[in-house]
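These are the structures in question, set out in turn.
After this come two complexes, each holding chain A, first together with chain B and then together with chain C.
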Partner chain A sequence: MKARNGTLWLFILPGLILYSIFFILPAGSSLLLSLTNWDGMTYRFDWVGLKHYGDLAQDPIFGKALSNNVKFSLTVIIFQFGLSLFFAILVMKNTKLNVFYRTIFFFPTVVSSVSIGFIWMFVYDPNIGSLNLLLNSLGLDSLARSWLGEPNLAIYSIAFVQFWGHTGQVMIIFIAGLQSIPKDLYEVANIEGASRWNAFRYVTWPLLAPSAAIVLAYTTIQSFKSFDLIISMTDGGPNNASEILSTFMYHQAFTYYSFGYATASAVVLMLIIMVVTYFQFRLLKADRVVY
Partner chain B sequence: MKALAGKTSKQVLLITYVLIVLLPFTVMFFATFKSMSGLFQDPFGLPESFALTNYFELFRQENMLLYFKNSGVVTLFSITSILFMSSLVAFGITRMSGRKAALLFAFFSLGMTIPSQTSIIPLFIMMSKLGLTNSQLGLVLVETAFIIPIGVFILTGFMKTIPQEMIEAAQMDGANEWYIYQRIAMPISLPSVATLAIFALMIVWNNLLLPLLLLKSSALKTLPLKLLEFKGEYLTNYPLLFSAVVVISIPMIVLYIFLQRYFIEGVTAGSIKG
Partner chain C sequence: MIKKRSAIALSLIIAFTMLLAACSGGTGSNEQAGANGKKGDKQTINFIHWRGEDTEAFKSIIAKFEKQNPDIKVDMTVYSSGDPYANALQAMILSGEGADVFVSAPGAQFNNLLKSQSFEDLSGSPLLENFTPELIEAGKSDGKQYALPYQLVYNVPVYNKSLFDKLGIQVPSDWDGFLAMCQKLKENGITPILYGYDVSPGQLINTLVMNNMPDKDTFTKFQTGEVKATDPWFVKTLEQFKLLVDKGYILKNATGTKYEGALALFAQEKGAILAAGSYAMATIAKQNPNIEQGLLAPITTSAADMKYEGIHTTTFMLGVNAKSKYKEGATKFIEFLTKPEIASEYANATGQLLTVKNVKYETKELGIQGQWSSKKTVFQPRLINTNKKIETALNESLNMIVSGTSVEKTISTTQAEIDRNLTK
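Let's turn to the complex of A and B:
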């Protein structure tokens, strides 16, 4: 017996209204705002069509933010995916010791990204940073760097912190995936004389594809949305060397007050995330097995 | 023999990774008991004593209690409103019939595919016009709107599994929808409500972007926003900064130790949505 819809709307309306006004409406008006030259201060603005998008294409700093973002995201995706899968395999059995390891690996997730950013800013400090001190004490002085100060290095140093902080988080998704694979499949593989690598290649990997798709999509989106870390560690510097799309957008809006221009870059960011996610799911779905 | 070597190297790998995760936190924690010059002399080692000088300074001169309270108020009200609104919506959707329910569910799920950062500029303008910047109420409303999609997603999934017979039996006894929500749906959904609460707690307590966008007055700042202030233009007072990091992290760490399962479930549920 279903209820009359009238009463039920009373349950839904408060949340629906709040969500529509404070989330959907601003997200939708991004598209419109990106077509104006509004500075956010005055009441006057003109429609400028796709001008901002043309300007973005020619803006060297936007180009830099885009290429930094690609470097950043690729580094994070490769290492976070690889390491989380690797450690998930090592600690997948529910022993006491493994649960302890998981607890530690997951731990950085509960600490705020701003805090994480500051901790690593200190670790990376060229003079008193633990990383250089460690290298020096190992006799590897030549490897010591100004990790956040060198323009070619900064974005990778931050990428390291990003996957250092979230590998233990997505590892949980892989563990859940691994634990859901029926054990008898491995027994069969064993009887058939499959090597461990073959068992992984032909049993684990295909059955793990749904988890892999989630990890890949989530890591990609997470890397494109990274913001707190960069704001706290370098604020996009030195000389825009660690600017990515999200910080570019923020600086355009709240340092230069080019609201329309900033919103155009936000729309580009939104499109990139949607396209990437779509292709990743298609790619990984092709490999899915039904059993 | 070979198996033993394999087991040993596995443990060595895992312990190495444990150290890589924990060492930065340890160095940070030790730094809070050092003076600035002490830190420069020995950035790595144990502190000479575990004196709480930096923590005292934090609360006496930096007014940390105020920011702690600000974060607490915003987090508490946000979680309450997220739990209340999402559970109402989820209940409504589960009890509604067919196509309307599916459409509503899809509309809320839409929010999970739109990256929140893309809406912040129009949001900022709108909030200024409404006079809701520099207001804890404004921040709570926006935090709620941003997390409702995940809340609806998690809770609808759970409430769908409540046996229809239970609800029908209650209806026979003359129970109305509010009664069913309050006395049947909510108590049964408690585990997933707890998961959502922890997820929301982590997001709101640690959030930088929205407070940065909406709060300008120093008296309203939340902890992550206050943290940014400690970063010096030329020289950062790391001992003080790190004491603040410890203070802001302690509630999360304590809760994580006791409610670990909910943390892991909450974050995983939140990530599956993408």
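Let's turn to the complex of A and C:
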């Protein structure tokens, strides 16, 4: 048995080596780097201990980035989760029309985030953008806004683009989950006189929990790590109104040459994602049903 | 037993194959360049810069250089200006390969590259004689010439001269005249000042402060705490800018408009002044050749108190990587760029004034920019500050005003950010 286990270990060795080289080592060195004042340009640095973590706690831009990240992530999680589940239920059956709709919904996923960012930047442009032109032509001038220019609006405008681009992607996970639920359970629920809502509440939702857990964790991590969309659309502006943790990290490292400080913020980001994901999994595990 | 050994061997082979495959990615171009460099003693020098719009001009110049120097090949790589260029340069400088000749901007970028000892000292090189000496000061440190600014830019807003002539507006020479000019433009349904939130603040702040700041070195003193955003001259500057915003002289929704959008509006004649610099003129001329352009700086004082008419910057600073294997070839390439006939070709193809002597400027836009050489200008204050975080805080103060923040709040936020980042 021991020899067999040894052989099995050898089979996971390639993956383990790669994972160690490309994840564990960089993550470990990041922890060390966050304790230095390395500027990213020279080979010289001094150890500064936990100074960067103390500075982060007092940095109003980091605080703003964290708060923006929460707003952005919550908006994306709520809408992306809700809409993808809604569309998945609508197009779950394998009819020709549904396959066509699935393709349409999935299409934005194959376009790169930067391209999506540039397209929406033109849509949102306050002077020549199609969104304001549409609102004006409908007589809704009062609703026309500087979508990316108003500090209180910018982060939500980008969040909309984020879930517009990825709802189709996570919808596929829900469709797979929905299709794997045995039909007999719905028949039983029907015989027992369950309403459509009750069938969803007591049959669909518990059995969909594993898919929901994946969608929730994926959407959370995706929204916390969202970077290319924000960089291409606003670069964190105006006045840091759309700065989130990943763009904060990037600006500290590559604009201000504060690699040590940037790495400290990366460690904080990693910890946040770990904690949030852990609680999400625990929450959804409680609802899970085994059949 | 055999099965076990096979499994071990197979695992190790897979592990190392994947590792090698992973390690081989991403460095293709550099390895190729290195291989080319050694082949038959032919040097391949890498030239990296940020001006994508100059690619064709450089290709033609490189072809001529390679013809004259058959033992040297020049590989040019262009990155988008700003962060993408800085990131690429940073990676290359750290690796020691891939950037034999590179360009840098004065200020924080030059300062960081100096700290990393990236520049070969070019002091005493004969190629320095090709430059106007006072225009390459920005590439000096401790009396040594580390980089050679190639372009001369006037960071003065561009205005639509045709439109001014049509409306009978004269270029104002004081603050009251500037306000009256804006009002007349507004009354004629034209947005007086087009502003892109990503580029304009870093440009406009220079002309707004040039006559308000106590001396030309004031901006360096922000980073040591000797000068503060709460100082009366800076408060006055922001109040003047706030007045422009409140009176509707700045593009509506400016915080949602990028530089390219503002430039497009200028080319469509929807605005009279573009808060940018002389570098924009060639692009505007391509988009709308019918616009006669000029440069117009807001004079924030009375005509009698005016110290400067505008701002100049010497930038696109050419440098040789101190770690380059081909320093001689790299220096030869820079020398070639500074030959009057080559510099003239570059200037006329790209619409850029140069710091090189004896250049023949032939385009209309270059003629207009050339007239500014006789005017009293000061080096871009923003860039004599070498602390990037403080520079950003000062630039952002204009964006805060544009987005409706009060002068008091803007000043307190700006000074707080400066205080947090003072150079110790």
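What we mean here is this: the second predicted complex is superposed on the first by the 267 of 291 C-alpha atoms of A that agree within 3 Å, B and C clash if a C-alpha of one lies under 4 Å from a C-alpha of the other, contacts with A are read in each partner's own complex, and residues count from 1 in each chain.
Quick note on the criterion: a contact is a pair of C-beta atoms (placed from the backbone, for glycine too) under 8 Å apart; a residue touches a chain by one contact, two chains touch by 3 or more.
Remember, predicted model here, so these are calculated numbers, not experimental data.
> Output check: A:Pro14 vs chain B and chain C. Expected answer is one of first, second, both, neither. What do you get?
Both partners, chain B and chain C.
> Per the contact definition in the header, classify A:Ile273: touching chain B only (first), chain C only (second), both, or neither.
Only chain B; A:Ile273 stays clear of chain C.
> With both complexes overlaid on chain A, does A:Tyr256 touch chain B (first), chain C (second), both or neither?
Second partner only.
> Let me test your reading of the model: by the given contact rule, A:Ser146 touches which partner, first (chain B), second (chain C), both or neither?
A:Ser146 contacts chain C only, not chain B.
> With both complexes overlaid on chain A, does A:Asn37 touch chain B (first), chain C (second), both or neither?
Neither partner.
> Using the touch definition from the top, say if A:Pro126 reaches chain B (first), chain C (second), both or neither.
Touch partner of A:Pro126: chain C, not chain B.
> In the superposed arrangement, which partner chain does A:Asp59 touch: chain B (first), chain C (second), both, or neither?
After superposition on chain A, A:Asp59 lies in contact with chain C alone.
> Tell me which of chain B and chain C touches more residues of chain A.
Higher number of touched chain A residues: B.
> Take the contacts of chain A with chain B and those with chain C, and give the residues found in both.
3, 7, 11, 14, 18, 21-22, 40, 121, 128
> Which bits of chain A are touching chain C when the two form their complex?
3, 6-7, 10-11, 13-14, 17-18, 21-22, 39-42, 58-61, 121, 124-128, 146-151, 235, 237-239, 250-251, 254-257
> Under the stated contact criterion, what part of chain B meets chain A in this complex?
Answer in residue numbers: 10, 13-14, 17-18, 20-25, 27-28, 31, 39-40, 43-44, 85-86, 88-89, 91-93, 95-97, 100, 104, 107-108, 110-111, 113-126, 141-142, 144-146, 148-149, 152, 168, 171, 176-177, 181, 202, 205-206, 208-209, 212, 223-224, 227-228, 230-231, 236, 238, 241-242, 245, 248-249, 252-253, 256, 260, 263-264, 267-268, 271-272, 274.
> Which residues of chain A touch chain B once you look at their complex with the stated criterion?
Its residues touching chain B are 1-3, 5, 7-9, 11-12, 14-16, 18-19, 21-27, 29-30, 33, 40, 87, 90-91, 101-115, 118-123, 128-130, 133, 164, 168-170, 172-173, 176, 214, 217-218, 221, 224-225, 227-228, 231-232, 246, 249, 253, 259, 262-263, 266-267, 269-270, 273-274, 277.
> For the complex, which residues does chain C have touching chain A?
Result: residues 4, 7-8, 11-12, 14-15, 18-19, 22, 83, 86-87, 90, 93-94, 112-113, 115-118, 197-198, 251-258, 261, 264-265, 270, 388-389, 392, 396, 399-400, 402-403, 405, 416-417, 420 of chain C touch chain A.
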